[in-house]
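Each of the next two complexes has chain A plus one more chain, namely chain B in the first and chain C in the second.
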Partner chain A sequence: MEMGKYSVSMKTLYVVVIVVLFGAITIGALFMVGDSEVSRLGAVYLERSQEISNISNAVFSVYGMYRFYDTLFELLIFSTAVLGITIFSDLEPSIDSGSRKPVESHVVSASASFLYPIIAVFGIYLAFSAHLGPGGGFAGGVIGGTGILLLALAKGAEETARNFREDSMKQLEYLVLFLALSVAILGALYPIKVYRDALGTGVITLVNISIAMKVFIGTWAILHFFVKHRGEV
Partner chain B sequence: MSTGLLASAISVVIVCIGVLGLILKRNLLMKLLSLNIVNTATILFFVLIVYNPGDRAPIDPTPGVQYADPLPQALVLTSIVINFGVLALSLLFTMVLVKRYHTLDLIKIEDFVRREFEEEKS
Partner chain C sequence: MLILFSLLLLGLSVAVLLQKRLLNAVILLGVFSLVSSVIYFWIGAPDVAVTEGAIGVAFVTFIYVLALSDQGKLHVIAEEVPPFLFQEKGELQGVELEILRGFAEEINLELEVEFVGHQELTSLIGGRRADVIAGAYFPGYLAEEELSNSKSYNQSQLAKIHRSSGAKGGIGILEETDLSEFTEVNEEDLSRFSSLEEMVRAYNEGRIRGFISDSGRMSASLYRVNTPLRDESEIVTLGEVKYGFAVSAEEENLLDRLNDYLTEAARSGRIDDLLSDHFR
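On to the complex of A and B.
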């Protein structure tokens, strides 16, 4: 019982510390929000992004140029998560779902084969036009992954995995990561030259497409792992 | 008190709720849910501290017009993707733990692990 009492009192201490800490943060935030100098953190990025004429989307100029290291390590964290899931996917026994369809509905299967090309084209469009308008590599990749989820719902996950050739996709994923890494090094050394003068829009599109492919493949790998170990979508 | 002020106070309160859930809940899935609540509240905070009615979307900026701040939008993107990765990986580890110990209770799992460790030592 001594042990139990001790842990309960420690827990109370933790709770008190957390509540006091977050109370202080709340009061700090209340002061911060009213201050227009502090709340407009990215005004300098907005000004600087006007220098580069072929990027209209200021959000892309932040995550694709000025803070590309953020994006790069975010991609690395994401691929580490996908790598961990892939390794455990081979170690753990999976439940065989056979060729059973998760949803026995003609409406779903008919509309999936009709809708999937539209969703895929929309995702690719968002990835290609990220520097011009709303969208971006992440949004495009997630939209493609959601489209695959629709296909898996209609046709079964195993058949979808067979159609998408998962093994070659995994190799493509690391190729894409390498591509983003090399562009990041180039862009960090010569930002204006790489993004505006010499290669311009080609490099920007390459970065966005590689981000979109990475997110798309990663989303599908994670989805397929959980489907395999649950037996159905 | 402006709307942004009140709403960011609310988002900090939601972070508080999530952290309390992380500490007090014994169920592993509830802990992951609390982590998700913290992440969502962080996104809410980022959205609200730059909320300014009348700002235009930061696309094709020209001088003299008030645009929304692009930096929090880019940070929120990072936050969403990392939360997705962390959640997927921790759900995987939860699955492995449940397969091995047949419980979601963290204190029971700790007891099992401690017992296994002592058996290995002796």
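On to the complex of A and C.
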């Protein structure tokens, strides 16, 4: 009897937590718009943009001089994780999941084929508009990755792997990483030469997209490793 | 508001630690990420919030669930021996099922039973495939050093059925079974069989003069073969078998918990109830 009591109270607790959480998020989002503290800080950065980077593009001077680095270090951590997993994947025995079928649920597969394009577009949007709003290449890539996670859940990981041409993706991953890192490092060393004289500030969008691709492929690599060595999703 | 959310984070982290089921803990960890994502949003770092949301709520939770999907189960491999552990109309039944179900519940794992052939038992134990061997197992049934035997829940006899006069051929015994604990038998006199049914058939057809098996398995098999034994069969008791379970020798922790559970179940009389239900 006591067991039943316990589970009922836990359920109530969960419901209360969820309601409070979503209420707070909604209210919080309403009050967030035009937060005075944040916009005051933004104004300071805009005013000082010229002296921050020596480049007249204000968006770039904030993005390229500050936020871009946080994306880069996120990428660094993530690449280390992916590298570790690919190295360990050779040590672990793999499970033959060919005989196992993914969960056959029409709800999951129908919602997956409906939601995947939306998630993918949102991820791409975040990567493209990284210099203008919240998001960034890393977040865009991860969101694209969660989309592919949904596909793998619905259609099975092996089929998804075939559809995405995994082999050519792996080569693309290193090419894209090389491109992003070389632009970023050169840009950090010679910001004016790279961003004003040679490439133009627009290159930051390209770098963001390539980071998103790299993260997307990395997400898939981690996923596929776990599926391969732990059994079908 | 910020303080409220920070307190919520604190509460959630305590709740994660208190969870008994790992899956619940993982889901709460996802909620933890969601709350911290809200905090990031609140203090004016929306892009970090987006990243935390995608990584913490969706990706990491999924990876944990994948990793757990294999961990949260007690894999049992067994030979199908009624009334110990068997399948009827697609449903698992038997006295061992009740015992193992209780044990799995106690250690918070989901019970998964897979029926395999007699020879596959030893090759599958240990590693990821199987944790426990069941199905009228008794010490000596499998000659395998990598196994640890649990406490016994029931006793029975190891019996030899044979014809004393006018019979030729060896004594039938299952592959892998080690008789050294019970009786002295000349190894050359034994002929090994891969299943009990085959052995009974060989005996009835006169190819062997007798066979040795435990009585629990034997009565199940005779029922299945559904032919009477040859005339003039004699039954000799060779010793006592103690039905129990086996786990891989490396899994000392699992063995201890299983033994504790069996001791407790025997003390409370639950095992006696089960045995009288199933064996009548």
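By definition in this document, the second predicted complex is superposed on the first by the 141 of 233 C-alpha atoms of A that agree within 3 Å, B and C clash if a C-alpha of one lies under 4 Å from a C-alpha of the other, contacts with A are read in each partner's own complex, and residues count from 1 in each chain.
Going forward, contacts are C-beta pairs under 8 Å (C-beta built on N, C-alpha and C of every residue); 3 or more make two chains touch, one makes a residue touch a chain.
On a predicted model such as this, the values are computed, not experimentally measured, just so you know.
Student: One more residue to check, A:Gly135. First (chain B), second (chain C), both or neither?
Tutor: second
Student: If you stack the two complexes on chain A, which partner ends up touching A:Val82: first (chain B), second (chain C), both, or neither?
Tutor: A:Val82 contacts chain B only, not chain C.
Student: Could you let me know whether more residues of chain A are touched by chain B or by chain C?
Tutor: Tallying touched residues of chain A, the top partner is B.
Student: Who does A:Ile143 touch here: chain B (first), chain C (second), both, or neither?
Tutor: second
Student: For A:Val62, select first, second, both or neither according to whether it touches chain B, chain C, the two together, or no partner.
Tutor: After superposing on A, A:Val62 lies in contact with chain B but is clear of chain C.
Student: According to the stated criteria, A:Ile25 is in contact with first (chain B), second (chain C), both, or neither; which is it?
Tutor: Touch partners of A:Ile25: chain B and chain C.
Student: For A:Glu74, decide between first (touching chain B), second (touching chain C), both and neither.
Tutor: both
Student: Across the two complexes, what residues of chain A are contacted by chain B and by chain C?
Tutor: Looking at chain A, the two contact sets intersect at 25, 29, 32, 41, 67, 70, 74, 133-134, 136, 138, 222, 226.
Student: Which residues of chain C touch chain A in their complex?
Tutor: Counting only chain C, the residues touching chain A are 1, 4-5, 8, 12, 31, 34-35, 38, 41-42, 44, 46-51, 54-55, 58-59, 62-63, 66-67, 69-70.
Student: Of all residues in chain B, which touch chain A in the complex?
Tutor: Of all residues in chain B, those touching chain A are 2, 4-5, 8-9, 12-13, 15-16, 19-20, 23-24, 45, 48-50, 57-63, 67, 69-75, 77-78, 80-82, 84-86, 88-89, 91-92, 95-96, 99.
Student: Show which residues of chain A lie in contact with chain C when the two form their complex.
Tutor: 17, 20-21, 24-25, 28-29, 32, 35, 37-38, 41, 67, 70, 74, 126, 130, 133-136, 138-139, 142-143, 145-146, 149, 219, 222-223, 226-227, 230-231, 233
Student: Can you name the residues of chain A that touch chain B in the complex?
Tutor: For chain A paired with chain B, touching residues are 11, 14-15, 18-19, 22, 25-26, 29-30, 32-34, 39-43, 45-46, 49-50, 56-59, 61-63, 67, 70-71, 74, 77-78, 80-82, 84-85, 88, 92, 132-134, 136, 138, 215, 218, 222, 225-226, 229.
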